[in-house]
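Once you scroll down, you'll see the structures, which are given as structure tokens.
Two complexes are shown next, each including chain A; its partner changes from chain B in the first to chain C in the second.
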Partner chain A sequence: MGRYLARRLLLLVPVALGITIVTFFLLRLIPGDPAVIMLDNRATADNVARLRHSLGLDRPLLLQYVFFLRNIAVGRLGESLVYRTQVLPIILGRLPVTLFLAVYSTVLAAAVAVPLGTWAALRRGTSPDQVIRLGVLFSLATPNYWAAIVLLLVFSIELRWFPVGGYGATFGDHLRHLLLPALTLALSLTPILVRTLRHNVLEVLRTEYIRTARAKGLRAATVLTRHVLRNSLISTVSILGVNLGFLVGGAVVTETVYAIPGTGFLLIKSTFARDYPMVQGLTLMFAGLVILVNLLTDLTYAVLDPRVTYD
Partner chain B sequence: MWGAGKGLRWVLAAAVSVIIASLAVFPVRSGPKYGGSVRMSLADSDVTSFDPIVPFDNMSIWTMLHVYDQLVRVGKDGATIEPDAADSWRTSPDGKTWVLHIRDGITFADGTPLTAADVKAALDRAGSKDSNFEDNFTLIGSTTATDAHTLVVSLKQPSASFLAYASLYAASIAPATQMTAQGKAFWEHPVGSGPYVLTEWVKNDHLVLKRNPHYWQKPYPYLDELRFEVLTDDNTRMLRFRSGELDIATNVPPNQVEPLKRVKGVTVRLFPQMRFDYVYYNHARKPFGDVRVRQALNYVVDHQAILKSVLYGYGSLAGSMLPPMLYWNKELKPYPYDVAKAKALLQEAGLGGGFSTEILVVSGDNQASQIATILKDEFRAIGVDLKVTALEPGTIRARRNKGDFDMAKGYYTSDVIDPDELVAFGIDYAGGAVAKWISFKNDRITQLSAAAEAEMNPEKRKAMYFEIQKIAHDQFAVLPLYYADNRTALWDSVHDFSQLPTANYRLWETWLSK
Partner chain C sequence: MIDEVQVVSSPALPAWRAPRRRFRVSPALWIGVLMLGALVFAALFAPQVTHDDPIKTDLVNSLQPPSAAHPLGTDNFGRDILTRLLYGARVDLQIGIVPTAAAFLLGLVIGSVAGYYGGAVDGVLMRIVDVSMAFPFYVLVIAIVAMLGPGLTNMYVAMVLAGWVNYARLIRGEILAAKTCEYILGARALGASDLRVIRRHLLPNVVTVGIIFAMSDAVLNILLGGALSFLGLGVQPPTPEWGLMIAEGRDFLLTSPAMVLFPGLALLWVGVTFNILGDILTDRLRPGG
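Here is the complex of A and B:
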């Protein structure tokens, strides 16, 4: 296990290097010059040249890349072209918000999906199953931004139960402020989880070892928790893992509608402004997180299934 | 006598009842109250910098104006200059030397006195090579602080627009010694002499400004705290406002003005501003080089219908390329809607069969895409096939600057009361901006623009600016759309809020009654 972990962590280095190359050069392939964007209405040739020089954008591209790497080596991600201050503190200030939201929505989704998915499978073909499957279809077909606005109109404007946006200061505040956004995200995650779980439970129910367990006279509840669920959860966990990675940078719509100061929102704004260092920093951070979550997912397999070992 | 006494009692009784009745009809408005925190949206973007010589975005500029003073500032009417750090000034007969007196007793928020040396440093910095606004200050030859309260500015040539530029945010005053000692770090925690002090800035989320206890202009500021929330999404901003989590919501989408007005306790205010919205075409590309084609494209458009359907009428139709401001030529009328004439003009230009062209709009810009869709529909009447292409803003700007476009939607606003800035930006090819991007080159305009800047006689200047606007109008340089009003929603607890024609606001005059 220890050796496996070390190997996986070591692998991070070449992957991260690859990511820096891709993001650095891909970003610069997008048409649009940060100086022109920043100057906007004042983008005369003289002003553009001056700003490009002061931002260091007139240096050869390779040299800029070397500077970028050198910065990373000393733990700096560079200076934002828009804010002209270090990128890292800005990103670190927002990461907790996004992580909180990602975990919150995942927990909500799992809390709803596991019972529903299992129930639908156990009652296959009956009316509860039909209702759940219909609900899944609806939830899957609901666009995120629409759900967000409807939730806001009902729970924040009419009922005034929850604030419209923001993040709050204390843990309790976070839970309250982020409930609607987390619910919005969970709305699109839950149906996927319910479907896979239902499918997996049905498959496991047909296996020989379940028949054996039942034949041994184990109680139905024990069969369900120790044998059926445990074996069905493996693919659910992979979906959760992939999704968590996605949520870190991909919850843009939700973050925008609820005005949550998260990283997805920052990524979009920075891309529009061609704030290269900020986008690079964020991408690197996301990549690191995705790798970390994948690693955790892999380790969870071993916990769920004793046959999985890492050596 | 007695009789008179009885009569007097009647009179008295009548007078008292009139007073009571009038009190009921016209309740006495309680005066401004101190204290409280106002929450307001930043609708365009986050603030990007508090270094006056850096940012171009209005959010930075308008926030900065609460933190710093300038020598002088734009008056509330948007047409005059009023004292700020300087309380009086005089100019030499040749118009080249300005002597300004710096207000007595003015201090920075940390209590250190503001002197002429600080003002000198601000002006010098604004006109330095590092400044993004160098162009606006090239007219200054030298600045000298002759004593703590006197600043002498020598201009290279007489300039009528000197005071207008001195009011520009780029020349905001900061304590010179701290500024030089701390370098760039100073602007992260800036100190100014304005009514408020920056205390918190969570990038891309919110900013908090607290009152400056040393502010010179009594009785301001009323509010203890200003909280600016970055809310660029229209729906989010309006929902935040409706829920009561915002006191002031800026940039109300035109279609939400009426519904908001019906909400109890909400007022939507319209403030005229110096803003011009237009569609531009590339004169360097065929067939836009032909004035008859540009004319035809203007006549085939029902400008009134655009104003009504896009802005819901919250603005006025544009004739001149300058918005209503000093020396605005109001004789220039919007081009009329005349399809037959448009057809004839296109025929005359040898394009009777029409042509195909493309308009670039920023994806997500609802107003621009509505305008493009209307144009597409109306152009069809003269056989012009308009393709609407939505692109991300950075790409559009890159193509605009390279001249790689047929048509696009644009707008500009003025930061100063003098038309010099907008003429250079919008109409004069030598200004290097709009006129250059669209390849609209007119030597007479360039000549007039340079002459007007140096002319000290207001009547003569006016004639020059009138002519500049008339040439651009006669040449159909662009397709003018409208002068849009600023639409701002306020809860009734917010008092004395207004937006100047330069679109900035003075929150130090605002107070809350809740």
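Here is the complex of A and C:
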């Protein structure tokens, strides 16, 4: 396990470097002089020269990249053009909100997907299976921003059960404020989990050890919980890790609709404010988060499934 | 010596007939094709179905409820919602097709080169793929649009730059598996050039998997295009696009829910259609896959 971890960390180095290169060149995608565009109507010659210097744009490209890497190493991702302060503390201040939303929606999705996916597989080809598959089809095709608006209209504006937006102050507040946003995100994640779990359960049901378990007289419930679900859920864990990127993307839209002060909403606000260092910092942070969670998922998978070897 | 020749009568041997391919059309396929047909019809014949202008404002008739003249009512600028929905099908189908096809082609070329040549070329190209896949797709697209500026063309550029990697990885895997097959070795032994082997022998056999993926990718692109337009980063007003129509209707939820309801249902329609057809295509072209 230790060797596997070391090898995985070593493999992460080129990917992490690649991420910094992409993020570095992101700012160079801006058509024209980034300093002029960032300053907009304040783009006097003095201001442009000052900003070009502070962004390091007056240095050779390679040197710019070296400085960029050095700054990342000490946690300086650039200065926000809107907040006039380093972007990292602002991002870290908003990150817990997005992570809370991601975990909340995953829990909700799993709570619905595990029974539905298992039931659909156990009743394969019957009416309940068909209904669940139809639900999956519609759920996959539903735009989450539209679902967000409909939920907002029904539960917040008409019925007044939940707040229209925000995050709240206490843990209970967070749960209440983020229920509709988490449901919105879960609506997109649930069909993916149901499909994966249904497929995995069907695969496990075909195995010899399930036949053996039944043949030796174990109760159906024991076979299901001890053997079928346990083995099916292991491979579903990896799907959860892979879908973090998907959740983060969904969070950008959902946070914007519900006006939740998370990193997704910050990305959209920064885009419109032309706060390029903030967009750059957020992109870097999201990519770093994805590779970290993928690593943790792989390690969890290795711990959960003793058959997995990584030689 | 044969004294008598007996003629075998024809009924003993049934006349040869070319085997008829049994192509069973499932109800799901019918539904998918009909739904796609309705979409294409709306996109192609929008000017014939409705004579209203999808862009011209008519403030006197703003936020009208459904009537004979306006079956789904009018929006806040007095534009007929049905007309904008029909014209919106053009834009949204285009969003489903253009970036998907471009990403497919780019991924096809890069994946083929990486898979066929292997070695350092494959190593470098696949590391680029690994890096691109570390970025959440929505975030990367939004970041690129943020740098290039909002608009349909920049949205396409961002979708292609972020989307080609999936195709490249998929096609590379297929090429790696196919290039050791005997017919490829045979083609090489006959002196076929690399380009000919890839173009004539490998691609026709691996392109199916790309087409299947493109079906689901088209849905994702339509939903993403709608989301970007909804956020103000994609299609710009007054162009009729369903995501943008939902964004425009947000402020009139209580007075005119139709402004949000019907564009959402239209997007749902597209998603369901492409998912049905994608599933059927997967079943037919890759049984068990």
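Here is the rule we go by: the second predicted complex is superposed on the first by the 248 of 311 C-alpha atoms of A that agree within 3 Å, B and C clash if a C-alpha of one lies under 4 Å from a C-alpha of the other, contacts with A are read in each partner's own complex, and residues count from 1 in each chain.
Here is the rule we go by: a residue touches a chain if its C-beta (ideal position, glycine included) is under 8 Å from a C-beta of that chain, and two chains touch if they have at least 3 such contacts.
All values derive from a computational prediction rather than experimental measurement.
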item: First (chain B), second (chain C), both or neither touched by A:A141; value: second
item: Chain B versus chain C as contact partner of A:V15, first or second or both or neither; value: second
item: Chain B versus chain C as contact partner of A:F272, first or second or both or neither; value: both
item: Which of chain B and chain C A:L29 touches, first, second, both or neither; value: second
item: Chain B versus chain C as contact partner of A:E208, first or second or both or neither; value: neither
item: Touched partner set for A:F246, first chain B, second chain C, both or neither; value: second
item: Partner chain in contact with A:T256 - chain B first, chain C second, else both or neither; value: both
item: Partner chain(s) touched by A:I149 [first = chain B, second = chain C, both, neither]; value: both
item: First (chain B), second (chain C), both or neither touched by A:I157; value: both
item: Common interface residues of chain A - those touching chain B in one complex and chain C in the other; value: 30-31, 149, 152-153, 157, 256, 272
item: Of chain B, residues touching chain A in the complex; value: 45-46, 48-49, 51, 54, 56-57, 129-130, 132, 134-135, 184, 188, 202-206, 229-233, 235-236, 239-240, 242-243, 245, 392-395, 397-399, 401, 412, 425, 431-433, 436
item: Interfacial residue positions of chain A with respect to chain B in the complex; value: 30-33, 36-48, 50-51, 54, 82-85, 90, 93-94, 149, 152-153, 156-157, 160, 163-167, 256-259, 261, 265-266, 269, 272-274
item: Residue ranges of chain A in contact with chain C within the complex; value: 14-15, 18-19, 21-22, 26-27, 29-31, 137-138, 140-146, 149-150, 152-153, 157, 244-246, 248-250, 252-253, 256, 267-268, 270-272, 276, 279-280, 282-283, 286-287, 290-291
item: Residue ranges of chain C touching chain A (in the complex, touch as defined); value: 127-128, 130-132, 134-140, 142-149, 219, 223, 226-227, 230-233, 243, 246, 250, 253-254, 257, 260-261, 263-264, 267-268, 270-272, 274-276
